[in-house]
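Note that the chains are named A, B, C and D in the order they appear, and that numbering of residues resets to 1 at the start of each chain.
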Amino acid sequence: MIDKSYRSSLDAIRDVRDGAVIMFGGFGLAGIPQNLIRALYEKGTRDITVISNNPGSRLGDNEYGLAPLFQAGRVKKYIGSYPTATRSFKALHEAGKVELELVPQGTLAERIRAKGAGIGGFYVRTGAGTLLAQGKEARTIDGRQYILEMPLGADFAFVKAYRGDTFGNLVYRYTGANFNPAMAMAADITIAEVEELVEPGMIDPDAVQTPGIFVQRILKGERYDRWYE
Amino acid sequence: MTAGMNEKEMAQRAAAEIRDGSSVNLGIGMPTLVLDCIPPDRTVFFHTENGLLGMGGFAPQGSAHPDLVDAGKQPVTSIRGASFFPSDLSFAMLRGGHIDLAIMGAYQVSEKGDLANWTAPGMLPSVGGAMDIAAGVQRIIVLMSHTTKDGKPKIVRELSYPPTGFACVSLIITDLCVIEVTPAGLLLRELAAGVSAADVIKTTGAGLIVPEKP
Amino acid sequence: MIDKSYRSSLDAIRDVRDGAVIMFGGFGLAGIPQNLIRALYEKGTRDITVISNNPGSRLGDNEYGLAPLFQAGRVKKYIGSYPTATRSFKALHEAGKVELELVPQGTLAERIRAKGAGIGGFYVRTGAGTLLAQGKEARTIDGRQYILEMPLGADFAFVKAYRGDTFGNLVYRYTGANFNPAMAMAADITIAEVEELVEPGMIDPDAVQTPGIFVQRILKGERYDRWYE
Amino acid sequence: MTAGMNEKEMAQRAAAEIRDGSSVNLGIGMPTLVLDCIPPDRTVFFHTENGLLGMGGFAPQGSAHPDLVDAGKQPVTSIRGASFFPSDLSFAMLRGGHIDLAIMGAYQVSEKGDLANWTAPGMLPSVGGAMDIAAGVQRIIVLMSHTTKDGKPKIVRELSYPPTGFACVSLIITDLCVIEVTPAGLLLRELAAGVSAADVIKTTGAGLIVPEKP
């Protein structure tokens, strides 16, 4: 019997080496894989490339989510749409300590999906003619300007779902899905943390949002902090 | 009494543009005020790009859930008949032209309807969904102060700020007036109480078409 | 209160004119909009372009689904992946009475999704170097051959879901989803027929598979025949 | 006794290539026989491109549902832990390299592993998902008779039938033998009972590497 479950977050990320390219699901603090992020922080992995909509979130004077990884200088490069979400990113970037690849939010989601779906590249109107089109191939289709965007993959995807089974089938809740389903398709190894881990057959096959084929490892998150911005 | 509209009045004016049954994306900041301006007999599907169609309003104290937020990361509620979906499908809606209307803030709007609202020169840039919305939504209304804090025009002949999108703005609602972007140029459609056409012309950096009775 | 529901199939398709380009959900006979197809047959609409995985299905000596539209000579052009599903299509095509645009099944689904998602075109390896790449732009990406595929839209999409509400939110069942969700996104007017039509709020917002924004009209199907091949 | 494997034996041989926990797409026709050849202690996720991962087997009389079918439109069942999904996601799995193995029939396979299995010259063509599978699945096993009905080789130097995909076949299982496609050429790995290497060479239209003890 196949069982993809791991005992702990740290156990599930043991082979993540320095220099890894990692996607993190979540939008703000909604649907972030907070246990896997904490485990990665504890493990001390360095020179990470982070792909995530935002580099953590700020609440008052404190920063949460991915922010501690940035603050600790573990991140070499950030690819995402909203780097100004934290003060720590801004400071590190101004000090020349972290690279930035800025991607429009929808293009980010679509590039990730493209990688997962075996698409070699695609044309969008988003950003055509703007600063974010620099270096990208332009093309006129039906009289409108498009730019070519390329798929975006990673060594690992850390995703969060509400419920999952030991085959890796995932179900999300509310706006907690966001980037998680696309990222689950786009990495060599996808590690999912869930609030409820159940046996196969406990999830209605029609309700599965990420089929288990996209998930290599799954675990029940140790602790779910609830933040409100 | 100060001349012109306050933010609440501007949001109300924007709400009047929203048809029954339409889908509307609200930018963060002032546009979210529009949420509370919809008459109860009108069904509006507010879209938030992080994955909800049918946003209700801000969640009352105690009923907030950290996984139910809007694009500004504020806890919200959902209406009867709402749906949740992932970011890729959410932006398919925006880019594919399925959202009827977006209401956004702006740094500048040009006389051709070019929009600058994602970053300013010298700033660390963030873009979020602004460019996707500018490229894909059927109709865009800009809700902004008529001038910058130091009195410079925000409605200009050519953008000096980095563009978000081109020829995408349909209507501009400011504290002073309502301006429609037409093929012929910027048309002054309405003046706020106590504001004259001359007041608007003086604070606008682009040509205006002023009808006899705006 | 918004109500997208129509009283009957015929009522919902009244404005479908001769020459319309129509997408039909379904794979074989699973998940086909059988009531809308019957209504279209009764209405007598001509010169239709049909976009569908197959042009109907054959069971023994009888043909079902879209086949009667073909048999009655109502179809000008067929775009799909499996034209040999019926004898009637083969006969009409050999007689030069219907045009064929053959598209690999996955490319068909992706071209339809691309239209719905505002993608201007995309590269796939599927079909590169084969007869089905003729006339298509080729491109080498990371040393592999790709071809450019363009979005595919329609005037109308006729889709079938298991359950729907009067806002147009849809839920599918089993393998009945197939092309329906992508097609629902890709047409100017999407008409959905459902086995169960309910009030808004009766479908869990997390369970919605096609958000109502993609559906302009909805109706409860008059009759559901069950065929087994 | 006839020399060589019958269809059931060929399916069994193919099943031996399927690892525990892997995902497998089965072509219509002979490949579907593989369904019944999986030992009960092995979990295999059979994928059917019309939208099911975790196909069980053909539905028993009376429990068939017209909306639960396989790629050959036959009523099937689903296993515990299965999932249903739309065609666009199903082909994302195939094209994106997420499916471990496909077992397909073929008209011809070339010595480079080129595959022809979608149409024959002069036929009205149908393609279904064949080209998507050929382009995207990690490993492809062809299950076919060694020759055509009139005795012509189906394993050939160059395809004469229209290609489905290029350099995509890894293993060929026929009634006579098992042949691996290697960078050096076609390697005769196994002979069916009562079949000699000479029998295979005689009926193969391409060069074969024949180890001392195949």
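The rule we apply is simple: a residue touches a chain if its C-beta (ideal position, glycine included) is under 8 Å from a C-beta of that chain, and two chains touch if they have at least 3 such contacts.
It should be emphasised that the depicted structure is a prediction, and the values quoted were computed from it without experimental measurement.
Subunit A and subunit B have Cα centroids separated by 29 Å. Separating the CA-averaged centres of subunit B and subunit D is a span of 55 Å. Centre-to-centre separation of subunit B and subunit C, using mean CA positions: 36 Å.
Across the assembly, subunit C contributes residues 110, 113, 117-119, 124-125, 172-174, 205-206 that each touch 2 or more other chains. Shared interface positions of subunit D, i.e. residues touching 2 or more other chains, are given as 52, 78, 84-85, 88, 91, 94-95, 135-136. Arrangement of the chains shown, judged by which pairs touch: an irregular graph that fits none of the line, ring, star or complete shapes. Taken pair by pair, the chains that touch are A-B, A-C, A-D, B-C, C-D.
Those residues of subunit A that touch subunit B in the complex are listed here as 27-31, 53, 57, 81-85, 89-90, 93-94, 102-110, 112-113, 124-132, 162, 172-182, 209, 226-229.
Every residue of subunit A that touches subunit C in the complex is listed here, in rising order: 110, 114, 117-125, 139, 141, 144, 146, 171-174, 206-207. Residues of subunit A that touch subunit D in their complex: 1-2, 113, 115-119, 165, 167, 169, 185, 200-201, 203, 205-206, 208, 211-214.
If you check the complex, the residues on subunit B that touch subunit C are 20-21, 23, 43, 45, 47, 52-54, 78, 80-85, 88-89, 91-99, 135-136. Subunit B meets subunit A in the complex at residues 48-52, 64-69, 73-75, 78, 84-88, 90-91, 94-95, 124-132, 134-136, 162-166.
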